[in-house]
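The two complexes that follow have subunit A in common; it is paired with subunit B in the first and with subunit C in the second.
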Partner chain A sequence: MIKINIKCFSQVKYALDTDELRLELKNGTTSVELEKMIREKSKGKLDGISMRIAVNQKYIPNDIKLHDGDEVAFIPPVQGG
Partner chain B sequence: MIITPIELQKQKNDFTIVDIRSDQQRNEFPLKGIDTVIATEKGIHKISGKKVLVCQFGIVTEGIILENDMENTFSLLGGAQAWIEFQSDKEDLSQWSRQTVLPEIGIEGQKKLLNATVAIIGMGGLGCPAAQSLMSAGVGKLKLIDGDMVELSNLHRQPLYGVDDVNRLKVEVAKERLEQLNKNAVIESIDEYFNKENGLSIVRDSDIVIDATDNIQTRQLIDRFSKEANVPMVYGGLFRYEGQVAVLNVNGSPGYSDLFPDPPSNGETCEDAGVLGMLPGIIGNIQALEAVKLIVGMKHNLNGKLLIYDGLTHNTQIFQL
Partner chain C sequence: MIKIDIVDRPLEFFPNDDSRLQDGAELIFNGRVRATEHGDSITALEYEQYEGMAENELFQLAEETCKKFPIHDLFCKHRVGRVNVGETSLHVAIWSKHRQEGIDAMSWFIVELKKRVPIWKWAIMEDGSRIPSECSHG
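Let's look at the complex of A and B:
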C-alpha cells in the first residue's frame, strides 16, 4: 500500500468539503485512477468540471504511477475575475 | 517637510543645501548644479536659516527632521539619487523615490517602468487594483479594455468606482481616477470587450497584457494573441476565497493552454459564486507585482508557475507547469 496526500482546490475543495485528504492506495495506483476515485467521492458534483493534476508541486502531462508519500493536487480552472 | 528636485531647482538660492552623506557617497555620486555645504548629522543644527538636507535616497534626512522637530528644514525627496537623475535627464523621478531606493529597481528600473505599456483586459475586481498599483508604480502607459458599465454590486470589490459612477462606462471612470496618480502617464480607454477583431492590435503594441477577465473563453483568446505577438500574459483568476496567478508566454514559456487545455467548463464567476472584495485586491496586486518584475527584469517571478492563494488559511502554493 502507498500513502498519498491529496490537496483539493476550488470546486474540488467544495465538492469534497475538505482541502486535504490522506488516502491509502494499492501499489501501482496511477494519477488518473486517483482522479476517478476523487470524482466518485464527489457524488457527481465534479461532473463536467475539468481539472489538472500536479504531483509534488509539478504539473504532470500524462498518467503516472504514484509513489508512497506523493502529494497530489487537483486544480480546476477558475472563472472569476 | 520635503522638497522635490524640480522645486529645489527653482528655489535653490533661497536655501543652504546641506549634504550629509559620507565621503565615499559624495565622491561616487557628486551633486552637480547646486552649491552645497557638507555637515555630519550632529553638525546640522549649527547651520542657521532655511536649509535643505540631502542624503543618498532622501530617507535618512526625513527621519532626522522628524526626530528633531526641525523648523525651516526640508528633506530632498529621493535624495542625491533623484537630484542626479534630474540634472542629467531633466526627469524628476522623486515621486518613486521609495521604490528606486530598492537596488533591484533603481533609476534604470524606474525608467523601464516609465517607458512601459501594459494592457489590462477587464476593469473589474482584478483590473481595478492592478491598474491602480501599476499607475502608482509609474508605468508610462495603460490600456484599459472593458465594455461594461459600473453596477452597484461591483463597488465592494472594484475600488476605482463610487456610488455616483453607477451606469457610467468603467474605462471612463477608471481613467479619471487613475490620472490623479500620475499626471504624466497616458491612459487609453477602450470601451469594448476584448475579442477576435480587436485583440491582436491591443496585445501587439503592449509590453505586458494583464488578464483580468471573468471568463475562460476570453482568457483563451488573450493566450492566443499573447503567443502570436510574443507579449507576456499575467493571468489571474478567482473562485470564492481562492485566487490563481501565473506568468505565461514569456518567449515561448507555457501559456494558458498548458495551464488548462480543456474547453471551458461551467465554472462560476464572482457574480455567481460570491467573493469578498479583498481577494481580488490581493490577486490583482500580485498580478501587478509580477508585471513590474517582468518590466524591470527581475529574475524571481512566476514565469512558468501557477500560484494558488487561499484567503481563508493564507496558504500559498506554487506549482511548476
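Let's look at the complex of A and C:
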C-alpha cells in the first residue's frame, strides 16, 4: 500500500468539504485512477469541472504511477489576477 | 531581473526608478476587485493559493516572459487572503526599451497567469456567505 496526501482547493475543497485528504492506495495506483476516486467521492459535485493534476507541486502532462508519500492536487480552473 | 511576491496583506507598489536610462517604457498593471461577480454584488474576494506551487509557477512564467519578449525586468506581486472591493489584488511592472514589446509582454504574462498559476477566488457575498468564484479565463 502507498500513502498519498491530497490537497484540495476551490471547487474541489467545496465539493469534498475538506482541504486535505490522506488516502492509502494499492501499489501501482495511477493519477487518473485517483482522480476517478475523487470524482466518485464528490457524489457528482465535480461533474463538468475540468481538473489538471499536480504531483509534488508540478503539473503532470500524462497519467503517472503514484508513489508512497506523494502530494497530489486536482487543480480546477485557476483564477489569479 | 525578476521579482515575485505573494503576500497576504495590502500590496505596496514598486517605487518609481529614475535610474533606468535604457528603458523607454515602464508598464504598470493593477488588477482590482470589482463590486460584482456575474451580476451579484460582493463585498470582497478571498484569494486562495497552492502555497509553494503558486510562487514557483509565477516565477517560471516570469522567466518565460523575459525569454519570449525583449524586456529588461518583470516584477509581480499577487495578494492572497481577503481583498475588499476596490483594492488591488495584482500588481505587475515591466520595463522595456520600447513600448510595444512591454505591452505585448504584459498582456501575455497576465493571460498565462490566469491559465496556470494555482490561485483561486472565493466570492464573499453581501450576506457574508463564501462561495467559489465561477469567474475563470483559462
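The criterion applied here is as follows: the second predicted complex is superposed on the first by the 77 of 81 C-alpha atoms of A that agree within 3 Å, B and C clash if a C-alpha of one lies under 4 Å from a C-alpha of the other, contacts with A are read in each partner's own complex, and residues count from 1 in each chain.
In this section, a residue touches a chain if its C-beta (ideal position, glycine included) is under 8 Å from a C-beta of that chain, and two chains touch if they have at least 3 such contacts.
As the structure is a computational prediction, the values presented were derived from the model and not from experiment.
*Asks:* Which one hits more subunit A residues, subunit B or subunit C?
*Replies:* B
*Asks:* Who does A:Asn5 touch here: subunit B (first), subunit C (second), both, or neither?
*Replies:* neither
*Asks:* Touching A:Gly48, do we find subunit B (first), subunit C (second), both, or neither?
*Replies:* first
*Asks:* With the two structures laid over each other on chain A, which partner does A:Thr30 touch: subunit B (first), subunit C (second), both, or neither?
*Replies:* In the superposition, A:Thr30 touches no partner, neither subunit B nor subunit C.
*Asks:* Given the touch rule stated above, what does A:Gly80 touch, subunit B (first), subunit C (second), both, or neither?
*Replies:* Both: A:Gly80 reaches subunit B and subunit C.
*Asks:* Need the overlap of the two footprints on subunit A, from subunit B and from subunit C, as residue ranges.
*Replies:* The overlap between the subunit B and subunit C interfaces on subunit A comprises residues 7, 9-11, 13-14, 54, 57-59, 73, 75-81.
*Asks:* Along subunit A, where are the residues that touch subunit B in the complex?
*Replies:* Touching subunit B: residues 7, 9-11, 13-14, 19, 48-50, 52, 54, 57-59, 73, 75-81 of subunit A.
*Asks:* Using the touch definition up top, name the residues of subunit A that touch subunit C in the complex.
*Replies:* 7, 9-11, 13-14, 54, 57-59, 73, 75-81
*Asks:* Could you please specify the touching residues of subunit C with respect to subunit A in the complex?
*Replies:* 31, 47-48, 50, 52-54, 56, 78, 89-90, 110, 113-122, 131-133, 135-138
*Asks:* Under the definition above, what is the set of subunit B residues touching subunit A in their complex?
*Replies:* 122, 124-127, 211-216, 236-240, 242-244, 258-260, 262-270, 273, 275, 280, 306, 308, 310, 313, 317-321
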